[in-house]
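Have a look at the structure below, then the notes.
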Amino acid sequence: MAREIRTIGVLTSGGDAPGMNAAIRAVARASAYYNIKCVGFYRGYQGMIEGDHCVLNARSVRNIISTGGTILKSARSKEFMTYEGRKKAADKLSEIGVDALVLIGGDGTFRGGQTFSEEFNIPVIGVPGTIDNDIAGTNFTIGYDTALNTVISAIDKIRDTASSHNRLFFIEVMGRDAGFIALNSGVGAGAEEILIPEEDLGLDRLLESLRRSKRSGKSSSIVVVSEGDKIGKNVYELADYVTENLPNYDVRVTVLGHMQRGGSPSCFDRTLASRLCVKAVELLLDGEKNVMVGILNNEIKATSFEEGLKEEHGINKELLRISDILST
Amino acid sequence: MAREIRTIGVLTSGGDAPGMNAAIRAVARASAYYNIKCVGFYRGYQGMIEGDHCVLNARSVRNIISTGGTILKSARSKEFMTYEGRKKAADKLSEIGVDALVLIGGDGTFRGGQTFSEEFNIPVIGVPGTIDNDIAGTNFTIGYDTALNTVISAIDKIRDTASSHNRLFFIEVMGRDAGFIALNSGVGAGAEEILIPEEDLGLDRLLESLRRSKRSGKSSSIVVVSEGDKIGKNVYELADYVTENLPNYDVRVTVLGHMQRGGSPSCFDRTLASRLCVKAVELLLDGEKNVMVGILNNEIKATSFEEGLKEEHGINKELLRISDILST
Amino acid sequence: MAREIRTIGVLTSGGDAPGMNAAIRAVARASAYYNIKCVGFYRGYQGMIEGDHCVLNARSVRNIISTGGTILKSARSKEFMTYEGRKKAADKLSEIGVDALVLIGGDGTFRGGQTFSEEFNIPVIGVPGTIDNDIAGTNFTIGYDTALNTVISAIDKIRDTASSHNRLFFIEVMGRDAGFIALNSGVGAGAEEILIPEEDLGLDRLLESLRRSKRSGKSSSIVVVSEGDKIGKNVYELADYVTENLPNYDVRVTVLGHMQRGGSPSCFDRTLASRLCVKAVELLLDGEKNVMVGILNNEIKATSFEEGLKEEHGINKELLRISDILST
Amino acid sequence: MAREIRTIGVLTSGGDAPGMNAAIRAVARASAYYNIKCVGFYRGYQGMIEGDHCVLNARSVRNIISTGGTILKSARSKEFMTYEGRKKAADKLSEIGVDALVLIGGDGTFRGGQTFSEEFNIPVIGVPGTIDNDIAGTNFTIGYDTALNTVISAIDKIRDTASSHNRLFFIEVMGRDAGFIALNSGVGAGAEEILIPEEDLGLDRLLESLRRSKRSGKSSSIVVVSEGDKIGKNVYELADYVTENLPNYDVRVTVLGHMQRGGSPSCFDRTLASRLCVKAVELLLDGEKNVMVGILNNEIKATSFEEGLKEEHGINKELLRISDILST
């Protein structure tokens, strides 16, 4: 089958992540290396439906390895969720002559791709690109490491002013369903407390922890809060609650927001993107399909979409324990 | 009088700013150079009232030139606003043997210092340290340049994701009474529109500007909003208003918040802090008092507090014009 | 005359500097704003000679305000130093229909442009873009501020390891004929000694200063050396000399090199580039020619090339004094 | 045995690495958490011999998680290589009352610690802290990830100017015996060629690769060279050789040097340091000794010094292949 693939299409879909450009570059360069054509679709599946594409040769991706965002742009496509939409996309692919797809995105992207592939018998390979790190088939997703560095760099700055004024800061980071960013950046930033969706600390324990923190001589504190934390209050409500209950605290809130999605990717994310996407192209050329590539125990491996998506990619509970010990 | 000064006190007060540590270092080192003693007070005027201080020799300030925050911490002191509070502070100064003060902070700090100096005949020199750049007696305040770089670095990251998703972002930056940060970072970040306290753009013109922006082919837009913008809506209300009136825009909000106060100071802020504080110590030794030091036309100059504080330090209206032209 | 200008050409020449892209963007956008055409020439004067150009509309310069380097590339052209070369260039301009030029570069660029303009009666405006800051007609050149931040960020890192190992580092920074970078970054990085082309410290005083530094309790030291320092030894010879004469020092050398020319420009450089280039376009439209634009006392002003280039842009000797005091 | 440990000593030794302070913090905080005393020795083994130490409680390590260098300083001790030296150190330990040691450093540090532990029956745990990543008992050493980011950030800047001038840059990175930094940063920076100690590319193949690179339309090139590359020429000789043989190249050299050892650690290095050092303290309390801790397949594991040091930690040859494909 491998010999049939003469043109590979690539797209980025879902929330964008640093390193997506490095991934696009790797797909384009690996295609050029193996003498096949590479076509990029704009705005994810939507561009595929509309046939909005460009040719990506080895030179079109020059100097993008270091840039944030995605030159192919990203979007969520409602139309692609319908059979009609996917049919249009399949027609466009055969019109343009695209034989297989590399899909860079998160779990939603993979699910859409899987359905599409089964319906129209088009080989697809998923490459995990999302800052949330919430995909079972890989230890690390592209963009996650960069997002962590962006977060701790912001918290380091906030720590400067927190320390100068003896303040308590609640800092909300991304992660609606998964606490990976909060947990790792919280440990990395030396946060006094970390609130994540996977674990309900409880308001009482939070207050107790803050009181203990003050008793132990800390003059300022940082609490990192995941968007979807379990306590069931948003970060402003949390801050109000603490202000009411610990009146001698000077509480402030920062919501880091979308800057976590941007920026020049870290070396880790660039090499990860490069390795995953070379593998993705090679798998397609080897006749593989309907799998995602991931890094598992420092090796690039393919996993079926079922496997890669089905189970929970559990957070590392050990890190919560580490955080407790280190915020002593 | 100059010969009478044997010990100089230094403190940081008000909102902290990057470069305050470089300023403290320069006061300590210049004091050592001129063979006088230097004493630091913690938490601004409050530490002075409480006598909470440390001796700063040349070695105590090693390696702090590159750090954010202030090793002396900062605070706002209600007690110092009363005569009783200031009396206590004066008593502490004579108890500790401090002959003169270098005050690093903003306009509130300077006003407090001026009153104190007149009441108790203690020479004080003000050094402008605030990210807001809103002091007439200097072209640049310590911390302003760093804050601008922090802001544009954050907006660059947001631009990555804005471009990837064709979104409109409202980004709130600091500046309750002054639009310096918004105006300069807005030009530096290539914002499509800038809203500042000094100029009422008006909601209609904002909408018109955004429509024009889209017509001209821009697929994403950044609007930089000063905390105290004139339109009279906070940034979330603004975003809602635009969403209602321009329904085909995908609008997002980021409030940059306190990270703007932290971080390693830029070279500009470090050299500015160094130059201002050497001058402050030398002025005290020369018998000068009750002035602020500033950089005016690239020279370090002393200005009376009256002069330095009384007039509006007007923003550069030319920059609004530049911004209009460049967001074409 | 102003009405005659319908197309403006722009080029970058000489050593590249961060902010050149922000400058190109401003020329293109200001041209679009005033409804005139803008053409960019590649590789400086050489591209003009060869007619190697592109049209720059408002959208062609999107998102380049934050990038280092120059999208128009830069070069030094030997051919342009001959009359024949310049004649070719003039012919190309009339062929393409370019009526006036904005030249972004340093003193060499300006001198070439002045000759060209006089010979062929083509209005040119010079915009100072060089990291060296050695042009009299402006207080700051585009790229200088960014280069300073790059240098101090590198020295901060080196300071970490110097402090950890009690070492003496010689760090060479750019500046063959001018010590601006060394002097300002030296003060900003808290260097113990600064060696610049404009001032001969002498080897004996250097040794004495290092001995004094150690006596005063410093365990590590940084000496910032300008490429063209007056002592007449290169940085490796200096290090050897010190190793021989101060045997109990553990001496290391770092030559920072070309990284000083790259990187995302600082806010200062971006707004400076924006202001200077809007002015350059407006001056051309007003019939002005053969001047450079610069920032003098915080205002954008035009200066004749004669004036702007003839006198020495003296370094700030006060900074040497400040450095002496602060390295106490 | 575990109950006998009441005081843990910690030191940093060998070349310093970003994240060493995060590691020291974790040892101190974990000790405090488990109610045992923690003592830090300055300048590695030399400070232990001299008894040069400080008490580290939970508050002494505040705010150091984000800083480069090591607050305990580092050094190589010749005296510790002798039995007499080690005897002195053991005597000092019993004098101070230190029961066990956490040793943060590289293979040399571990070998010294192993000998010491066996001779004097003092439990030691090694924590891998070195930018070189050349220790078999761990997939990643503390500092390596940060060094990679420092390197690619420098190369990104150099790429700006290389692209602007169509130049070929040779960039030397650290790694005398191991090509980890060169290989990973080379892939991350999109280098055209990577020269490492483990693989002899050969001068002919280098020239051929550069020629091919030019033929394929690349106008600038980056070659990343490990200090100890196999070709047997230093980076300046390499550049000269290429200049002679490819005369139409404009070749430049940058030696990145010691800045690779400094800087604020990445999130990866901070969490790695935190996890490894909590484990190190817990292992000591559990009666373990003479092992190193490492991260293997995303889990923190102990490995005997024999095991952890004996075998080559081979570089990832796949990355060379990836680099070849992506420099197409």
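Order of writing sets the labels: A, B, C and D. Residues in every chain begin at 1.
Note that in this section contacts are C-beta pairs under 8 Å (C-beta built on N, C-alpha and C of every residue); 3 or more make two chains touch, one makes a residue touch a chain.
Going by UniProt, the chains are A, B, C, D = ATP-dependent 6-phosphofructokinase.
Quick caveat: nothing in here was measured; it's all calculated off a predicted structure.
Steps from chain B to chain D, minimised over paths through touching chains, total 2.
Shared contact partners of chain A and chain B: not a single chain qualifies.
Among the remaining chains, the Cα-based centre furthest from that of chain B is the centre of D. For the pair chain B and chain C, the distance between mean C-alpha positions equals 28 Å. In whole angstrom, the spacing between the mean C-alpha positions of chain C and chain D is 36.
As a whole-number value, the distance joining the C-alpha centres of chain A and chain C reads 39 Å. Residue positions 156, 159, 163 of chain B each touch two or more of the other chains. Pairwise, the chains that touch each other are A-B, A-D, B-C, C-D.
Residues of chain B that touch chain C in their complex: 25-26, 29-30, 32-33, 58-59, 62-63, 65-66, 139, 145, 148-149, 151-153, 156, 159, 163, 184-185, 187-190, 216-218, 264, 266-268, 270-271, 274-275, 278, 297-298, 300, 318-319, 322, 325-328. Residues 12, 16, 18, 20, 43, 67-70, 73-75, 150, 154, 156-166, 169, 252-255, 257-263 of chain B are the ones that touch chain A when the two sit in their complex.
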